[in-house]
């Protein structure tokens, strides 16, 4: 997707130019894994044009394998972004209908070839929201991944501008049985799957995780928990539920340069950490620190390095100049 | 007026370019009313040149009727703006002497024609500060407005770089009898009209409002109350005094993108709210929320929408992305 | 030196352009003195090229005398700067090896001619860190300055990317006997000179200052004390130790536009204040206020005016627009 | 439509930002008429979002009446533009499928209400190329306009990326009987309608015009004739065929700032000139001069003034500074 | 003066920002002399504000002595600039009335102190056009300069937006007796002083020069001769008339980056060349080459170096990269 | 290398920012080959820092294999670029001494591993100019390439700022025996190797090529022939000498957006064309068209596509918009 942002804090009505960034939920996750030194390939469908070429060149430059991307269809998804400030929320205008991916059909992807050599498959709830064809492609990918013994992770990523909670629940629920690791938030889980966890229960994350595992048979559930007081600052943390236990992270107070992509940065870092064999307490701290840093980076990609994330896990963050 | 701002936080001595915005106290008020869906016409005098054309095109684009603007004179007023940060205050260099409006004379305006079809007239204390001719034009406008039965509102808007408190008081006092709604602050009222309200009295706003009504016979008085700790953040609220009672708003903590125009946004929103028949408690909350949002918008105009203001009145502001 | 910064909060990997600023520790100090109305000349060695010409033109424009600058060598020192945000620290890539100054040799400077008419000599610990030749030039300058009866001030300015604490201590210690006023921090003094002052002692600044005076015979010691919680904000203050007594400043909470050069702004303001005869309590407040303002100014130079510093000393800083 | 251009001469693959301009064939024509002092209303269908609001605000600011614009559908048409240079041609990526206008249906427009008070209707061949629904809307508009006695002008504006010549001919031919003034080029006419005029005949424009009139019964035909040697410069002229006679303009050599919108500028100026009663020789010179100036203006709108066009008609253009 | 230019080729109505450059006819001349290595001081009157400080800092940085500049009055002169292209001329909006210099009075300048140590005085015809006070200051300066034996040079620099030819002639004629070297063009001389030299006479420059010497007793006359075919390119040359003989330069075809300041660059280079003792043929070639280069430099100052001018005099200019 | 260019036509002394591009002679060649669809790996030595990471990411994104790049040393080479205009030449300030590549030593490269799977080796005369170590690395690479049967091509690329003709000749001559295809110009060959071909001989290219083959035993020689009249435009063509015959290309007149990298674009296109088996006449036309297009593209890389080059070979270039 092409993201077109108004400069600084300008509103849509004021913008004489847009800053261009390329991204997308799964692409962002792949970038995170690759930036930390992992190996990641990205699969999607994009048109044969110069904008899509640029998007792929960026990913390739960041060490994401894009050789399995399918070319075709007529347009790259676009969204317009207006950064909020203080009491004014960030605003998004989606223009992603009819994108190459939204018009993807199951036959476009040869999952057996795509999964050759892979051991993990990650997908996001945004993709099936695009169109029935995209949803069907997700379903086939999940089945193929499971059939080949890949670990499957899933980030719910509910977008109210794309579908209703009811639609989302109806489409996603049957796919959940293929998922090993589910990434969401207690609030999202309640909205989409209707779990009856009170929003203000002190152990709401653990209860939501248990309910998700009970319902869908997930091995692990990661729940992010954001508390924002304004568009400029957030309080950020998460809980990983694994082996029947909840591992809450410490919470970080983070000033925001660009909030978008934080959830993907969380997913990417969590995947990287789990893939390299970190235990749950370490993995959840790594994922929270990585995504905290992503809030301070313009664009959807998390360009924080492994060393930077580990320094923040280790207690840095006080703002000393590195010189 | 043409506002020329240094980019970002650069000082005047560093700026190799200036960002251009057009505005002016009454123009900003008109934009607010028009943006919320009200009907507003703006009256001023600007020269016949391309800069003035641009200023009028912007206003026209924002649905402000500029057909009654008088063309003539030799220059558009200019001011240079350096945005402050933290302990460094925002700085303004005025270059508005000899502007077309400063050189306006009463004969330039045919108030009867101008007020055709109008029901409300709003003016600001900056205009009579420009020159005796501009002050005389204000006086004639007030008289004509009152004569035609328009509601007259007035924003004191004292500018120390334009005139002294004594001068301001001397020129403005006689005009006050035409005013129905006076917008100012307790501190301004004390400075200009010499009311003896202690700056730290807990009920200083109510006492100032009562004094103003007693002295000048206003129907309503709105007093804004800003408490700034730095150039980056402010605490913002206001009180509307109407029917002998004070209606204080809740107070908002607001991060600042651009402070200029906040007072005009308050006036514009208050006018809109009162014109559509809101009761004082609702009107003052609407005006405070609208002007809080304006602090987060670059330029003098308040480009917040009616829906956004109402969402903030209703408790939004926590920074959630709208997607 | 040429500083090349990524725009806004972009990371090095994202930058398609760099903002150019010129500076350097001693140059920044000279600018401060000259901006406040003092007389300052800057001595260094820069190549014969257009970039160095631009650097000198800027300094000359700001009233710094650059007529004693030596031209020669092959390159201007460069450093690349990535501004941090919140939990992400600011990052510097030095590219100053082999600069004209790093390749300076003692014979390049005729200190007797240079010090003609001077009464004060200030140098920074960065210069001897560049190369043995630069260190030798510093030593000769110190000796010549002392020989001519100039007051000598020194800012330790330790840079871990240039040398180790042990190297710094070994090179700097013998030069300290020429120094009248030493500017550093308790932490730096401990790191470089090994004073055994516990980092959390409440009177650690005073104890460090006493130890420095005892060891090196300084007349005065100024210790800055920064406490940062993030890359966006800092708590800032200092202590001046003179005549056997410690004069701590009040502490200021400062939002950060650009942290670089704050130490130099402190030194420059302190020198100016002492040169004009301020007493220690006034001098340290002036220096802290000046460097607090410098945090709000882009680039290494402190472009705050004398009046602005004095206003902040006097209690301003609340963010009121000057209009 | 939203046009998103790469800055300067950057290629799509290099652009980190896009400059935003709003336009569209008929909108550009309306702007020309309004800028010269004529009265023009623009009719189209755009979605209910902030980008469309901005597009309409720009037009309203330029005095184009947009009150008859229909709101609905899901997206504003977009195109991406890469400015060529010298031997490298300008490149366009269209992303206008599924725009609100492409999905317009005849029932969306109440032509009788729309044409209230109008005396001229202009449309472009791009609109029916968008979709069958848009083509049907054009047909109904033409019929309604003719039925109400409006003069109908039409700019063929063939776009190879939207449809084939055969499709264009098939859709457009039946609509031609409603057209009074047809604007095209000899080459376009040959391509779309298959007139057998040799490309190198010296009188090819006159012959094409006669053939068009004979075939479709046009009152007038205007044929532009561009001869480009590079992306930077063009040779520009036109012929108006009216009352059975051909009126060729003088030819101008024009350096190009931005080629897009030149044809619309020609149409707009020709309409304005004919509407105010200019004779053919004057009208064609006015239209050629106006569109020559438009080549020197960034964006699709022709922002040249009436005085500037008339000066160029009168022989200016030599580059003397106006001071 | 502060020059505010629209970026690139944007029109005034399109500009959301202005590029700031500082200049002025005599300042530009001083910069040229100083950049080539000469010694130059600039005298004017500017207000006490940050914009004037910046203007002076730039000049000081470029080695122009600004210590004799008088501070006072209320505003810096401003002009707005829209760069033309091809058939569209460059456009200027002056906003210099009431500037500090326009409101200068003779008593503001102590010419005896100002001319201390000087040997040459240069002034431009723009200054007396500003106001009677400025004209009177010019007259006193000329008399004082002549009285002290300085060489006096004068650049006619007629600006139609400031005064009429008749006014210019009336004010300037009496001052001409103080002038040794007059710089103008044949066309200007005819317009202002009414010499009857046909515009198309092949020897019109020589005849105009002879007439000027005969009328006013000039020692030398330099006449520039520009022939522009568009806003992008010019044909440029000049003639120096000295010792009763005309020395025409070769003519150069020059592409234009920024035309403003070319005449001042010519004057500055001519002064420098004559001051260092060049003979007329060398001096006129130097001045033409210098001002040709200035056409390729953004802003009013000529930042070409002595070596670059001499290389162009020597036949360079073919565009080879210097690497 | 990092190239830092002043924006637009600004001079070094005016630039407040620099545009960053990454490139280098051999990197540019590799990009050309990869962009046309060939397979290319780039070998160099760069430091372990974020700037080098960015440089490699760009190349990787453009499909150049950078896995064989050696990391080490302390700095990336830098050069500063000021784009000329018209009579003002483009200017370069090199700052590449002590770069990681300049400090490379033969032991840094394992040529046998590097050449695994390769069939062609290309190098440029800039590399041995950097330092004796770099020259030695070139010598070893040539020998290893020849030993493994690779075709070796060489672009002389003489840079007067790096070494004298005599030095260049002395270092390069012994390496020539490893070279199959030599790319240079008649003028360069004369300067460096002293061939006695008159600069104005009509067959000077053929004579130079014959002399080079006779002296060094090249299989093929390609000679570019640029004729510039200004910094804005060039006349461009080349001759390929192969099998004892000269194949001159047609000549193209090209407007210049950015001249740097044109020679590398020629080399890259020639290599691609020869590698895919084009005959000499086709190869030289392809290479000239490709490098003509590169003049119109900002930065050192040739981002023209295969289709665009072939269109220009086939006669396009007339500036028609592709829409």
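Details
Which chain is which? They are A, B, C, D, E and F, in the order written, and residues in each are numbered from 1.
Just so it is clear, contacts are C-beta pairs under 8 Å (C-beta built on N, C-alpha and C of every residue); 3 or more make two chains touch, one makes a residue touch a chain.
No experiment lies behind these values; they were computed from the predicted model shown.
In summary, the interface at A-F recurs among the listed pairs D-F, B-D or D-E; the equivalent pair, sharing over half of its contacts by residue number, is B-D.
Rounded to a whole number, the gap between the C-alpha centres of chain C and chain D is 62 angstrom.
Here the spacing of chain A and chain D, counted between their Cα centres, is 44 Å. Residue positions 11, 13, 16, 57, 91, 256 of chain C are each in touch with at least two other chains.
Taken as a contact graph, the chains fit none of the simple arrangements: neither line, ring, star nor complete graph.
Two chains count as a pair here when they touch; such pairs are A-B, A-C, A-D, A-F, B-C, B-D, B-E, C-E, C-F, D-E, D-F, E-F. Residue ranges of chain E in contact with chain C, taken from their complex: 57-63. Listed in rising order, the residues of chain E touching chain D in the complex are 8-11, 13-14, 84-92, 94, 159-161, 228-234, 256, 259-260. Interface residues of chain E facing chain B in the complex, by the touch rule stated above, are 4, 7, 11-13, 15-20, 49-51, 53-54, 57, 74-75, 78, 80, 82, 91, 93, 95, 97-98. Contacts from chain E toward chain F in the complex involve residues 252, 254-257, 292-293, 295-299, 303-304, 308, 312, 316-323.
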